[in-house]
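The structure follows.
Naming follows writing order (A, B and C), and every chain is counted from residue 1.
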Amino acid sequence: MIHKSAIVGENVRIGSNVKIGAFTTVHDNVVIGDGTEIDGYCEIGYPSALATSDRLVIGSNSRVRSHSVIYSGSVFGNGLVTGHRVTVRENVTAGENLQIGTLSDFQGDCRIGDFVRTHSNVHLGKKSVLGNFVWVFPYVVLTNDPHPPSDTLLGVTVHDFAVIATMSVILPGVSVGEHSLVGAHSLVKDNVDAHSVVAGVPARRICKANEIKLTDGSGRPAYPWPGHFHRGYPDSLVEAWQRKYQESGN
Amino acid sequence: MIHKSAIVGENVRIGSNVKIGAFTTVHDNVVIGDGTEIDGYCEIGYPSALATSDRLVIGSNSRVRSHSVIYSGSVFGNGLVTGHRVTVRENVTAGENLQIGTLSDFQGDCRIGDFVRTHSNVHLGKKSVLGNFVWVFPYVVLTNDPHPPSDTLLGVTVHDFAVIATMSVILPGVSVGEHSLVGAHSLVKDNVDAHSVVAGVPARRICKANEIKLTDGSGRPAYPWPGHFHRGYPDSLVEAWQRKYQESGN
Amino acid sequence: MIHKSAIVGENVRIGSNVKIGAFTTVHDNVVIGDGTEIDGYCEIGYPSALATSDRLVIGSNSRVRSHSVIYSGSVFGNGLVTGHRVTVRENVTAGENLQIGTLSDFQGDCRIGDFVRTHSNVHLGKKSVLGNFVWVFPYVVLTNDPHPPSDTLLGVTVHDFAVIATMSVILPGVSVGEHSLVGAHSLVKDNVDAHSVVAGVPARRICKANEIKLTDGSGRPAYPWPGHFHRGYPDSLVEAWQRKYQESGN
């Protein structure tokens, strides 16, 4: 299951039913859980002098697509899924079933909850904190330097179930509230309230999130999104969401 | 012409005078036309459970640059040219002489006409439809979800000869008209009329496209662009364009 | 120090203590200075019909990270540092200690001074000119075509110590002045005065750069940034900066 052209370093712990693709390099001290598949052309456990640990842990039943680079010093829960050519630098801790889109670039020192999804080309600056069930769409940047270049790092915090749409920039230290929505192509300077929608350059409050309706003609609110969108989440979660959002009238 | 380190799968049909570079993987059921050159470090015919066919067809006299990933289930006409590290997912049908810029990311299920050019880092969401002679510049995103995340996919349609400038986002379901121009760094929410210019966040109509003049002092209109720009198109086309746009006074 | 899977062409001059990683290709006529380290999966000296020279020169004590592609026809001073998957096309001349972020894309025919830093995903169009000590942040694009597509190339010029923040687009022919700051997510159509701040779509003058204060409570100005930011520059430079910016009251 390990391609003969792959290079595997020392002190690597590989679980059962793991596949490692052609021309991939697994550096020293990497731990890969059972059932995980690493494509070809990857660098896994890329050494970094900035890593707080020389280990990298990738949970079970994960899938890392080709040409990805994941640094040493990070820990990923089970069910990690990446697109192609993702970069994840040192000292990231992520929960279960993180999905990272093609070409996304996590700069390190990030904390990420469970079931987070980033689409393609998402850039997380150092010190970014993402809650659970967060969605981040293509070409979004979470920044961290209030007056670049400087030695000050103020990470962005994105709370549970928040959604940041395509090509938006979140300025340093901003908090994006639970179940909120940042519209596409926005520049967010101020904290975003929970359950609200902001958009524009600079972003301003537009409405409550549940005032946005589904385009399917049902008249139902599009947010909170767990009221209608369930693809890829465990059945137990979806059932709880359905109960909760039907009861609340959302 | 196939580098000894390349990996070639089963049921692959390779034309005459094809080159395949070092460390490239060609998966099963790929068809590569005569005279095509695939650089190194590529994955060609990457398997996908979402592909409607297990074949990938790349036409003759094409050039795929290094580190690119092209999924199974797509068909490209002759003369495909890609930059480095492009990603093209499943179920794309493209006409002749498509040029895809470095790091561009086609999400699959797209229809693309003849002689389309995307510059670097162009993101085409699923269900995007591009006509013939379309130009898309760096960091443009064609979106598809009207209230993300959801199960609704409303692709963007870009008509013949339209131009979308750098860092613009086109919202779901929008139609960008023939010979129109979307200015740089715009957010396009509404359909764009043929032969018009829109720009801004959100984008508004600025003028007719032929009111923009070339900066060469000639006083000639910059649009329709086939009146002055011909690099890389077949002579027969260029001659027809010259007749047409000179006769029309444009 | 050259991995056994690496491919090295003809007429390559490799200095002492050079490392070349697994699966990297060094094409013909490349010159690599002493102490330089090239990671795996790179293409170094990628041949180009547009290159004005068939040589590529990478100075001493440089570090090129994995999956990068550097074309023939360019010359880099000592101390080049790149992130992963950078693309640098032909005919770039760069001074000492250029740092290029992950996924950045230099389109060729650029002149770059000393100690320039680009963060991730910076796109430099052909004919871009960057002075010394310039900073460019993620997803910035320097454009060059005033009415795309056309045969006119008007490069952007960025002067010494200027800073361009995340996701900004600079239109063709614009000059960004010394010690100026372009705010995040801006569209810059007009020249930017030295020591000034511009922001917005389109960008307008906001204030003098030294009116922006550090967030550390010191009351000191954040610009000119060499008054407070010194990481990674030689001691002799930093001492001169400290004297200059303390004396001037900045």
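What we mean here is this: a residue touches a chain if its C-beta (ideal position, glycine included) is under 8 Å from a C-beta of that chain, and two chains touch if they have at least 3 such contacts.
Note that the structure is a prediction, hence the values are computed from the model and not measured.
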item	value
Overall pattern in which the protein chains touch one another (line/ring/star/complete/other)	complete
Interface residue identity across copies subunit A, subunit C - same or different by half	different
Subunit A-subunit C separation of Cα centroids, rounded to whole Å	28
Set of subunit B residues in contact with two or more other chains	5, 23, 41, 67, 85, 103, 121, 139, 167, 201
Complex contacts: residues of subunit A adjacent to subunit C	5, 7, 23, 25, 41, 43, 46, 67, 69, 85, 87, 103, 105, 107, 121, 123, 139, 141, 143, 146-152, 154, 167, 169, 171, 187, 201
In the complex, subunit C residues that touch subunit A	5, 22-23, 39-41, 66-67, 83-85, 102-103, 117, 120-121, 135, 137-139, 163, 165-167, 184-185, 200-201, 212, 214-216, 222-223, 225, 228-229, 231
